[in-house]
Amino acid sequence: MAASELWGEATNIVLSWRPVAVVLFPMTAALVLAVLGVKKKRHIGFWAAVAGCITFLLVLSLLPLLREGVVEHRFADMMGLGLMFRVDLLGFIFAFLMSLAWMLVLVYASHYLQVEGFPVFYFPFALLTLGSCLGVVLTGDLVSLFLFFELMTFSSFVLVITRRDRPAMAAGKLYLYMGVAGGLILLFGIFAIFNAAGTVEIAPLMQELAGVEKTGLGIVFGCFFIGFGIKAGVVPLHFWMPKAYGAGPAVVNALSSGAMIKAGVYGILRVLLLILTPASLEWSELYSFALSSGYWVMWIGLLTMVAGALLALFQGHIMRLLAFSSISQVGYMITGLGAAAYLLGAEEAMGYSGAVLHAFNHTLYKTAFFLIAGIIFYRAGTLELGKLGGLAKKMPLLTAFFVLAALGIAGVPGLNGYISKTLVHDALLEAYKLYGGWDIYLAEKIFVAGSALTLCYYLKFFQKAFLGEETRARIRSAPWLLYAPLFVLGLFMLVVGLQPGFFVEDFVLASTYAFTFEPYGIEHVARLDFFSYQPLAAALTVIITAVAIYVPLYRWKLFDRELPAWFSVESMLMLPAARLFYQILCRMGVTLDHSVNRLYFGVGGKFLKFCRYVGSFDSNLDSFFEQSSRKVYRLMERSRELDDALNEAYEKTGSTARDFADRSSRLDGALNRAYESTGRAARGLADRTAHFDKALDKTYAATGRAARNLAEKTTRFDRALDKTYESSSKTAQKLAGKTLRLERVEVKEPAPTAAPDGREKAEAGDRKGRRPAFNPLEWNIKNINFDQLLMVLMLGIVIFILFYYGRALVDL
Amino acid sequence: MSLHLPVISIALLLLASFVMPLLRRGARAAALPFTLSVLGAVFTVSLYLIYLVESRGAFSYHVGGWPPPWGVELYIDHLAVYMMMVLSSICLVVMVYGARDLYHEIRAEVMSWYYTLYLLLLASMIGIALTNDLFTLFVFLEISTISACGIISIKKDRECIEASFKYLILSVLGSGCVLLGVAMIYMITGYLNYDFVAQELPQAIAEYPYNILMALSLFIVGFSVKSALFPLHIWLPDAHSSAPSPSSAVLSGLVIKIYAAAILRLLFRVFPAELFEVVPVLDILLFLSVLAVMAGSIFAMVQEDIKRMLAYSSIAQIGFVFMGIGLFGNRALLGGLVHIFNHALMKSMLFLAAGLIIYAAGIRNIRDLRGIGVRMPLTMGAFAIGAFSMVGIPGTNGFISKWHLALGALDLGRPFFVAIILLSSLLNGIYYLPIVINAFFGVKIEPRSEHRDVPGMMLVPVLILAAGVIFFGFYPGPILALLEQAIVL
Amino acid sequence: MKDIVIRTVCRVIVPFVQVYGLYVIFHGHLSPGGGFAGGAILGSSMVLFALSFHLEAGAQKLGHETSSYLESGGGIWYILIGLLGLALGSNFLTNRAAGLGFGLPGQLFSGGMIFLLSLGIGVKVASTMFTLFYNLSEEEGSGGDHQ
Amino acid sequence: MEIISRLLENYYYFVSMVLFIIGIHTMLTHSNLIKKVIGMNIMDTSIFLFFVSIGYRRGGMAPIIQPGVEAEMYVNPLPSALILTGIVVAVSVTAYALSLIVELYKQYGTCCANEIAQIRAREES
C-alpha cells in the first residue's frame, strides 16, 4: 500500500475521547449560543464562526491519532446497545470536508445574514447540524449513525425554514417528512441487519448475512439505499432538493449541498462497499450479490447524473439550477460507487477513489457556487437569471471565482473536478474492459454526455448572469469577509487539480484500508497518470460535446423555456404516491366507519320498511275485518228482521187463535151449558195451545236476543281488534317516524368543520350516489347505545373464533 | 419486615385515601403534603422492592396468614415490582403537577375527594399488579374502575359526566365479563389462586374445553375493553380528553396499561401454554393490536383538539403493548413491556404539557398553537421531546421500545409487524411534528385570552418527565435488565 | 310524608330494625350475615326514618359530616386492624396466627378480630348507604363513593 | 333429549345465562340511562347467581361450624362470601352510575341517551 507507513494499521485501535469531543463541541456551542444569543444578535455570528473554526481544528487534531490507527470510543450501555465512535481515514476525509465547509460558511454567514434579517435560529442550529453531521461520519455502528442522521434531519430542517415564509415552510415540511420517512426505512434496514447478523457495527458483515436469501439482502440494501438516497438526492427521491434550496438562503444551501448530502453518500458508500461486501474476495453467492447491486447502483447514478443535468439546463433560478447541479454531481459519486462494487476485486479502487475524491471536490466548488450566489443576492438583490446580466463588469473578482469553480466542476484539466471525473470515467472504462457488453459501453457514453451537459448549464449560467446587458438591480458593496472563504476554496481546488497525487494517494487510496480491496488495484490507481493522452482526450471530447449541445440550444433560445409543471418526478410519481398513501389510510377509516354507519342506517331503513309492511298488512286486515264485520252486521240485521217478521206472524196467529178461542168459548159458554164436559176439554185444549204459543214466543225472543248478543260481541271483538291494530300500527308508525326523525336529524346536520361528536350519521346523506364525503372528523362513533353493541359483537366474534378452534382442543 | 412492604404500601394508600375526607377546613392545607409524602413513600418502597426482588427473587405474601388455596395471596415478582415502580413514580410526578393545576379545573370543596380517589386508584392498580388471586383481581379492578371514573367526573361539566358515564357502563360491562370468566374458572377448577388454577387447568381442558374457552374469551374482551384495545376503544377519547389534565395523564399513562399487564399475567401464568398452540388467542390480540396501531394513528391525525389527539394516540400506543403480548417472543414481550413504562413517561408528560398550555394560554385547538413555543419555550420543548419520542427518534425512550418490538418481530420472522411499527412511526410524525414546528416556527397569532404565567410547580414535573424520556432513551439498561427477568414468567 | 300511621309504625319499627342490624353485624362469624348485611340493614333503617319523617329530620339524627366521618372511620378502622396483625409480628390481617384470643366456638367472642372487622364494615356500609341516599335525594351526587 | 335433560339438571346455569343476556340486551337496546343501569344490575345479578349456584349443594346446610356435622354437609361458603363482595361492588357502581345520571339529567334535562346525543349534536353544529 502506498501510504501504509503514513497511517496506522486498521487493526491498531486507539482509544481516545477526541471523536466525542469533535461531535459534542459544536452541539454544546449550539446550546450556549441558543441560550445566550437570543439577546445579543450582533455577536452571535462571530462566536458561531469561532466555534466553527475550533471544530475544524478539533477535526484536524484527529490526524496524529490516525497515524497510529483507528480511533475509537465506546459508551457501553448507552441506548441498550452501546454507542460507538470510530474514526478511520474515510470518516476523517468526510469529517474534514464537512467541518471545512461549515467553517467557511459560518464565517461567511456572520456577515451575510444581515440581508436576511438575522434569523436568530440559524447559528445554533447550523452548529447543531454540524455536530450531527460529524456524528454521522465518525460513528462506528449503525444505530449511532442513525441517531445522528435523524438529529441531522431535524436540525437541518430548521435551517431549511430559515426564511419562515410560505414556500420555505412548505419546503421544510416536505424535507422533514421525507427525512422522517427515509429515516424509518433506514431503520428497517438496520433492524434487518441486526436481526440477521446480531450486530450493528459498521464492519464487513456479509459472512454473517450468509443465511439471508438474496431477495432479503436486496430488500435490506434497498432500504439503506432509499434511506440514504433521500438525503443524497438520488434521482427518483431528489424532488425535495430544488424546493428546499429554492426557499433557503445561500448559507443554508451551501451547507446542505456542500456537506449534508455527503452524509447520504457516505452512508451508501459504507453500506455498499463495506457492510454488504464479502470480507474475502472468493467467488460466492454473496459476491455475486455485491456485483449485481453495484451494477444497478451504477445505473441509478448515471440516471441521477443525466436527469439532474438536464433539469438544471432549464432552470431560471440560480438556486434551483445549483440544486439540480448538486443532484447531477451526486450522480457521479453514486456512479463511482456502483462501478466500484461492480468491479469488485479487480479495479474497484478506481471507482471508489473517484467517488470519494468527487465528494471532496464537490464540496469545494459547490460551496463556492452557493457562496457566489449569495454574494450575487447580497449585491444585486435577485437570483433570477432573467433579471441578471453583465455582472462581469461590476464584479470582476467574483467572475474570476465563478470561472474557476465552473471550470472545476466541468472537469477541465488542471482543476480538481478533472481528477475525480477521470477516475470515475476510468472505472467505467475498466468495467467495459472487464465485462464488455453494450450496456457498459452505453454507460460510458452517457457519462460523457452528462459531463457535457454540466458544462452546458454553467455556460448558460455564466452567459446569463455575467455577460450580456447590465442588470438594473441596485448593486451594493460587500464586505471583504464574504470573499475570504472563496479564496480558501479556490486554493484547495487548484491544489487538488495540480497536485492530484498527494490527495489521491495519501488520503483517498490510503483510506481503502477499511475495505476489502485488492492491493494491485490500488497500486494501479496510484500509478495512474492524470495528464496522459487518454484522459486528456476524454476531457476534450466532453468539451467538444458540450459546445455541440450548447450552440444549437442557445441559437434557438431553448433555455428560456421552463419545463412544464407536470414534468417532474414529484408530480408524476411521488405526489400521486403520497396522495394514494394518504387516501388509502384515510379511506380505510372512512370505509370502516361508513360501513358501520351504513349498517346502522341500513338496519334502521330495513326496520322502517318492515314497519311499513306491517302497517299496510295491518290496514288490509283492518279493512278486511271491517268489511266482514259489516257483512256480519247486515246478516244480523236481516235475521232480526226475519225474527221480527216471524214474531209478528206468530203474534198475529196467536191473536187470531185467541179470537177463535174467545169465539169458541163464547160458543162454548153457550155450548157449556149444553156440553159442559166438551167445553172443559175444549178450554184445556185452548189453554195448551196458548201455552205452546207463549213458549214459542219465548223461544223466539231468546233466539233473537242471543243473536243480537252474538252480533254485539262480534262488533266488540271487531272493535277491539280494530283498536289493537290501530295501536300497533300507531306504534309502528311512531317507530318508523322515530327512525325517520333520527335519520332526518342526522341528515339535517351540516357536514363540514367543527367538532366530531354525534356527527357520524351526517354521512347518511351522502351514502347514496356520491363517494363518501371526505371529512375525517366525522369518524367517531359516539352513540352511547352503539358502544355496547360493538362490545357484544366483539365478544361474539372472539367466542366464535375460539370455539371454532376449540374443537381441536377436545382432541387434545 | 421488608416482606410486608407491598401490603403495607397498599394499606398506607388506602389509609391515606380514607383519611383525606376527614380533613376539615383548617387541615386542608395538609392534604397535599400528606398525599405527596404517601406517594413518595410508596415510590421509595417500590424502589426498595425492586432491590429486594433482584437480590432474593420473587416471593409471595399471604394476607391474613392463610396459605394460598384459602387465603388471598400477593405475588411479588419482577413484573409486579416493575409495574409498581411505574405506577408510583408517574403518580407521584403527576400529583406534584396536579397540586396547582387542579385548583383551576375543579372546585375547592371536592379537592380532598380528588386526593381520595387518586390514592384509591393507585392502591387498586398496585393491587392489580401484585395480586395472585382471581377474585382479588376483580375487586381491585372494580375499585380502579370506579375511582378512574371518579377522577374524570369530579370535574363537573357535561362532557366529563357523559364521558365518565360511558366509561363506567362499558368498563362495568368489561368487569362483568371478567367476573363471569372468574366464575367459570372457579367452576372448573375450584380454585381462585393463579398457581392452583394453573395446576388444575391442563387436566381440565379435556373435560371442559368450552368452559375454558369461554372464560378465556371473556377475559380477553373484558380486559381489552378496559385497556381500550382497538374496536373497544370508543370510550377512551371522550374520557381522556375531557378529564382534568392530571387525570388524563394518569388514565392514559397508567390505567389502561395496568389491565394489559393483568391480562399478560393471566395469559401466561394461568392458562396452559398448550392452549395457545391450538387456539389463536395471541393471533387475535396481534390482529387487534395492528388495527389499533393503525386506526389510532389515523384517527389522531384528524383531530383538532390537542388532548383528543393525545387520547387517540394512546389507542395506537396501547396497540404496541398488545403487539408485544401477541407476538409472544422474549424480545417482543420485552419491547411491549418496556413500552408500558416509556409510554407512561411520554404520554403523561404530553398530557401535562397540554394541560399547561391550556392553563396558561387557554388554547385547546391545535391550529391556535402557532407561535406558542416562543411564549412557553420550556413547555413546548418538553412537548417536542415527547413528540420525538412518539415518532421513535433515537435518543428518546420511544426508540428503545420500538427497537425491541421490531427486533422481536424479526426474531419470529414476521417483518410485516416491523413495517407496521415503522408506518405508525411515520404517521405519528405526520401528526406530532407539525404541532412542534408550528409552535416554534409558525407565524405567530395574537393570543385571544390573557396569558397566565406558568407556575414552577407545574413546570417542574413536565421537565422531570421530559428528562426521564431522554435519560431512559440513552440508559434503558436498568429497566431492560429488570424486565428481562420479568418476562421469564 | 305526613301520614300518621307510617310515622307511628316507623317510630316503633326503627329501633328494632337497628337492633337487628347490630345483631347481624355482631354475629357475622356465628350465623349468616356480617358487616355488609348488617350495615345495610342499619343504613336502611336510617333511610327509612328519613323517608318517613323528613329529610331534614334524618339529617339531624345523623349529620352529613358525621356520616362521612363514620364512612372514612370505618375504612381506617379496618386497615388499622389489619395493621394490628403486622404489629403483632405476623402478616397483614392475621388473626389466629397472630396470637389473638379465641373463645369457644359459637360464642360471641370466638372469632378474634373478625368481630371488630365486621363492626368497622357495618359502620362504613351503614353510613355509606345513608350518605348515598342523601346525595341522590338532594341531587348532590359528589360521585365519590367506593366500597 | 339429552341436551334438554342436562339443561333441566343445570337449570340454574341456564337461567343465569339467560339473565345475563337479558341484562346485556337491556343495556344495549335501551336508550334510557336508568334502564341501562337496571340492565347492568340484571347482568351482575346473573353472574352472582351463577357464582353462588356453583357452591350450592343440594340439601346442604349453612356453613357454620356445628359440632357433629360432617364437612360435606355444608354448602361451599366461598362463592357466597365472594359474591357478597361482588354485591357491594355492584351496589357502589349502581349508586355511582345513578348519581351520574342525576347529574346528566340536571345538565340536559333528559335521561335518554339518544336525546342527549341529539342535544350535543345540535349544540356543536
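A, B, C and D are the chain letters, set down in written order, and residue numbers restart from 1 in every chain.
In this text, a contact is a pair of C-beta atoms (placed from the backbone, for glycine too) under 8 Å apart; a residue touches a chain by one contact, two chains touch by 3 or more.
Model, not experiment: these values are computed from the prediction.
Comparing chain pairs C-D and A-B, the larger number of C-beta contacts belongs to A-B. Using CA-based centroids throughout, the chain positioned farthest away from chain B is C.
Computed centre separation for the pair chain C/chain D is 24 angstrom, with centres defined by C-alpha atoms.
One inter-chain figure worth recording: chain A and chain D are separated by 50 Å, centre to centre, where each centre is the mean of the chain's CA atoms. In terms of their C-alpha centroids, the spacing between chain A and chain C amounts to 63 Å. A separation of 30 Å divides the Cα centre of chain A from that of chain B. Residue positions 24, 27, 33, 89, 92, 96, 100, 103, 116, 120 of chain D are each in touch with at least two other chains. Counting partners per residue, chain A has 755, 782, 784, 788 as the residues that reach two or more other chains.
Residues of chain B found to touch two or more other chains are 139, 142-143, 146, 149-150, 153, 162, 164-165, 169, 173. Those residues of chain B that touch chain A in the complex are listed here as 162, 165-166, 169-170, 173-174, 177, 205-206, 209-210, 212-214, 216-218, 220-221, 224-225, 231-232, 234-235, 237-238, 274-275, 278-281, 284, 294-295, 298-299, 301-304, 388, 391-395, 399-400, 403-404, 406-407, 410-411, 415, 418-419, 422-423, 425-427, 429-430, 433-434, 437, 441-443, 473-477, 480. Of all the residues in chain C, the ones that touch chain D in their complex are 30-32, 34, 36-37, 105-106, 125, 128, 132, 135-136, 139, 141-143, 145-147. Here chain B touches chain C in the complex through residues 4, 7-8, 11, 14-15, 17-22, 61-65, 110, 113, 116-117, 120, 139, 142-143, 146-147, 149-150, 153-154, 164, going by the rule given at the top.
Touching chain D in their complex are the following residues of chain B: 135, 138-139, 142-143, 145-146, 149-150, 153, 156, 158, 161-162, 164-165, 168-169, 172-173, 176, 179-180, 183, 186-187, 192. Within the complex, the chain D residues that touch chain B are 20, 24, 27, 33, 36, 40, 43-44, 47, 50-51, 54, 78-79, 82, 85-86, 89, 92-93, 96-97, 100-101, 103-104, 107-108, 116, 120.
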